[in-house]
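Sending over a structure as structure tokens; questions will come in a sec.
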């Protein structure tokens, strides 16, 4: 019905009537707020009464053994999965549970998938063009032109993720690492307030990792983006982490600085006890 | 190719489109010339029979383009596009029926013959207005368009994808076929609509009209082709390709995928309707067999054979297959199915990207691939 | 089965050129006389139509053996419309416009005829249509050698009413125009003979309907009301096997509820296990079991031609036999194959049919036929239990339909009109303009 | 043209009397030739209307060959040689020339063409009467089954002359069923005579003949009789309502079973392998033709042939399947839609192959005795046997497949390959081999379906086309890759269809079912039993 409803929206008739995506209100409180979220797939509780708050401009790492519910959490935030109970707020204005993926995306939540997914049949340039924040309804998209300013922005991002050279290359033939960056680049094109980054360095070389670390840390900051990184690689986490959240069996086990959590007995028991790299495999 | 020109003019700057239009228009001109100027016994004379035949091929080609638009670029394999084709055809057929007026066998000024001898006392409401050309032609677009809108809305909203979508499109056309077979429906049942007299006042039997229809079809094909080209080479086209290859990702970029799918699906359905409307007056009959799922599958075969996601490939495929059909059914009446079937098998196995694939391959050698018409990577509808 | 491969390959070249539109120099004036054959050899109708193609080819062979016509040989031009109705129109056009045949024998289904009709009229060809049909049509260019409703349905119903004493009627048919019309005519006819509304049950099923359980049990219930009941079946081709099977299995035999079929002939029976069918009826104008020498000659020739001892003949084949001979006769009479002359010459021509009588071409382009009722035997043949004392002339326009009871058809000058309205005294419709 | 009742009974008795005399046949043969000849001559000369007279004469003659003649007459095999005018019995009347024996002496006369012979015709009326005569005869035989059949035949055929002897038979009838039937037969007769007393003995009988008699009585002008009859009818109708409910259910299930059979093979190739095999229908066709071929090989043993063609059909189709897999599908890995296109080509080829190779005409597949007729639950409700067998067969095939998939190594490997091809390979499963086996299995099952269908419908080149679409619907409706889904989907669709049919009509019912499927897929985009988990994500 949402479709018919939107047809009825008077304010959607003319482009200039469309309000810019309403700003996220972070004056009082966090930018992302999960409260008592629970979801279960036929019996199995993937997320169990999860509470999580991300502050504006924060860079947060989330770790946890396989099946701890990291990816599911991202699915919930981005609207892919609907929880059985609990609430998810973006700023203090937007109830994410009431919104669809595209709406959430246009609110300014960008997501990078665990397995890099770029549009392999399109060039790097086009990938970024699609990702760019713009009026994403049908007719505007159909009539969209490639203005100089758009070019500049794309070039800018190309530079940031270091893909200037393969601008016109099909994304399908990029290396794994390049795909990861391209995808991060696509996130940047979206001008998001909140980035959800799922295992950004999987299958990257040392140098690539370092670059990625720099990139992410440079992104986060007050008034800029907030970044949530889910990662297995302890080394990488240590290199960027300010606050770390440990998920276990779908709920928060511990939270704090890397040192705090790594000395937390519970964590040691369920997680660090085993060799993290092995976990990562 | 990312020129900042408007989406409608953009195609004309593409080499592929220029070639295509060039060839098409040249062909139209030559056929017309040879048909009109050369005397019948001249070896190069193009008989009206052939002109009509070519007209039929062209309408099929337009239909194939419509299918390629949704299959090639959107990854939606519709096994029910025959339905839209047939609906357009019926809209036109109903207009032509009304044009017969009282020249029917029973001389009834209002009712078509089949209604008279099945004792219909009044014209059913859905036949009203079809005596007016503008209304009928509007219906040619609206009837398939609305069906596509409703069906597509339901399907895409609930994210029916891949094989499931293909099968229910098949169910759709199959159901329509059965429905139109029923004489109670008032569309002439199995006999369908036939024995047309004139179109917009032109006698359908006159050679001039036939030539005119042929040219009209050619023009429609040209326009349809450019339209599709414009769509696929616009940003919207790239969104389609993105949807085809990674639907979820596209959603997370903030595109309402289901609406893009719906939009393109409806456009394609309308094109199919137009094709049907041009087809009917040239073959002189429309009946429910156009709804048969087998026919819809054949359309897909034309596209596959020509090469999907290229548009011109669809045209090549449609013309080639149907020409082969014409020749074989005449030359080797009891063996032509072997030839046709064999052709399908060989092409799908040996030429996965169809005939256009070969051409594109040659071109790609010289310059980077035209990113506006990319070959599908892992086809999304593979997931079942 | 088909002419020699040399012939084929030569035509391969020709036809591919032709269909390219590169018309070879017109070949109208030269030998041989071209006979177009327009029967589906593939698709759903191949089942019925293939044998008709062979029949015409056999007749042509025989004619050539007798020195052809007007001293010219006959040549068959075979195309395959593939049970695809628009293709019928296209192929008809190919035969007339490209191959320039002098006559066409073809079509089975009503829809294919309807689709070919405008083409034949436009290009002024000759079409001989060999299958029983719904009537309500008379074209200047078409000759209907099959039965019109009054040559099959009405007599059959009379037989059931008078000789079997049937009071309750099931009119079961496939949902297309022939059964629709036939049943309308029968409905009107029965009512005019005092049959009450509740004693008539009309039922339509889709083509190739294979699940008859419900319908047969309805018929069973309908039949167990204490009145003698019969089924008048206009069920088409493929749907018959499962229908009769279901009848047999639900224990309905001919003694309880006889079924009289208008579309089940020897050909169809070859595909059916006839044991449960014995005693059910069919109404035709010819049965293979007809006991005349002309028939036996025809059968022997057919068996020779097909080289199959089990080969059977049927009514539409006889229709082609008659049609072909009438055309040949008319050509001899006219001394040319010119369509218009043949059209005039053929009216009044009468040739022997296979049932020991003569068939004459009426001014309405229908022919005179005897009507036979046969009971199915366990060997897939019919035993003739009743026949009309004399032949019946085909009636293009039924007297039992509102729309057409005032219409007559007479293609002789001066009237030469396919649908002359005797009340209005005018020639309605457009065929003649 | 009715044979007078008295004569009819007389006839029966004489024929009976004749049986023991058969021994002396040859001795008396010569003596009787002339009489026999004249008898048959008069039979031959008579029009249908007069025929009874001739039959009367034959019976009265007490000739022991009469029964033979009458049966030949029934089968339309009693004929006259045109030149010699001698009467012959045709042994086999198919084909061009027929073997015949002399009707009088029984000596073989070799073959004659239909041209030389003249059949002695007979029509339904006479046929019915002769049958009831023979029925009365059969009441004397020892075989209970035959007696019941005979008694059932007599229902509604009893007339005045038979009453006395039948009552006689009724007294010394041992079998309860037979005597019940006889009693009913007599009651029906009495009712026809307008005897209201007969009604309560018919009350509650579900037999159609009884119902017919009652309803005609209900129309009679004697109010009392009409009243009683219609009340009796009313409570019969009551009982029938339950029956018809059950009947519809049965119809639904049997239709469903056909759908399941047709779809289950597809569920494997399509659901498990992701191959969209448009030639599936043609594989079914092959199975059906195998049955036909078998029956050609074993003439006269249709039953045995049918049983044998179950493995044979499976084998043929499976081999064809392997050929298709090797020849086409293996080149189209991971391109399911291409498989659709290629196999569509294959299906065209197979169809035309049958048309040119065998014949464009349908082939006769005979139903063996044990499969024709119906199983009588009660007199109002009987289940047609062939469909009952098919239903059972479908369930059997399904169970078998389940076993293969769940219990065997192959099943395990198949599931493994479906889940994760690469992983399975790395664990040493020969994926190629698994593909071949799976496809062969699916195709073989299609063959089985064909064998079953040969008992229900046409065996012709178009057989496959009529089922392919429905099969896809069933698989998708049930949920791809889920055999249970296919079973449930098939059966439920069958039932829905049959429940709708009576009031919607066959066509509309089918349309409604299709629309239902379309809407259902909207609600549950992955069918009845969707595959769960990440694997299922598009």
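Should a chain be cited, it is by its letter among A, B, C and D, assigned in written order, with residues numbered from 1 in that chain.
In this section, a contact is a pair of C-beta atoms (placed from the backbone, for glycine too) under 8 Å apart; a residue touches a chain by one contact, two chains touch by 3 or more.
Here is each chain with its UniProt name: A = Urea transport system ATP-binding protein; C = Urea transport system substrate-binding protein; D = Urea transport system permease protein.
Since the model is a prediction, treat every value here as computed from it, not as a measurement.
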Closest chain to global C-alpha mean, per-chain Cα centroids: B
Of all other chains, the one whose Cα centre sits farthest from chain A: C
Pair sharing more residue contacts (C-beta pairs) when B-D is set against A-B: B-D
Computed distance of Cα centres, chain B from chain A, in Å: 43
Interchain centroid distance [CA atoms averaged], chain C/chain D, Å: 30
Chain A and chain C: spacing of chain centres that average the CA atoms, whole Å: 73
For chain A, residues contacting two or more additional chains: none
Multi-chain contact sites of chain B, meaning residues that touch two or more partners: 157, 178, 181-182, 248, 334, 337
Contacts with two or more other chains, residues of chain C listed in rising order: 41-42, 175, 204, 206
Residues of chain D defined as touching chain C within the complex: 48, 75-76, 93-96, 113-115, 118-119, 121-125, 127-128, 131, 208-209, 211-217, 219, 244, 247-248, 251, 254-255, 258, 351-352, 355, 360-367, 372-374, 382, 384-387, 456-462, 465-466, 497-498, 501-502, 505-507, 510
Of chain B, residues touching chain C in the complex: 31, 34, 40-41, 43-54, 56, 100, 102-108, 114, 116-119, 178, 181-183, 189-192, 194-197, 205, 283-285, 287, 289, 323, 326-327, 329-334, 336-337
Contact set on chain D toward chain B in their complex: 270-271, 274, 276, 278, 328, 331-332, 334-338, 340-342, 344-349, 351-353, 355-356, 465, 469, 472-473, 476, 480-481, 507-508, 510-511, 514-515, 517-519, 521-523, 525-527, 537-538
Chain A partner contacts - residues on chain B that touch it in the complex: 2-7, 153, 157, 231, 234-236, 238-239, 241-242, 244-246, 248-260, 262-263, 368-369, 371, 374-377
In the complex, chain C residues that touch chain B: 1-2, 8, 11-12, 15-16, 18-26, 41-42, 78-82, 84-87, 89-91, 93-94, 97-98, 109-111, 114-115, 117-119, 122, 136-137, 175-177, 180-181, 184, 204, 206-207, 401-404, 407, 418-419, 421, 428-431, 433
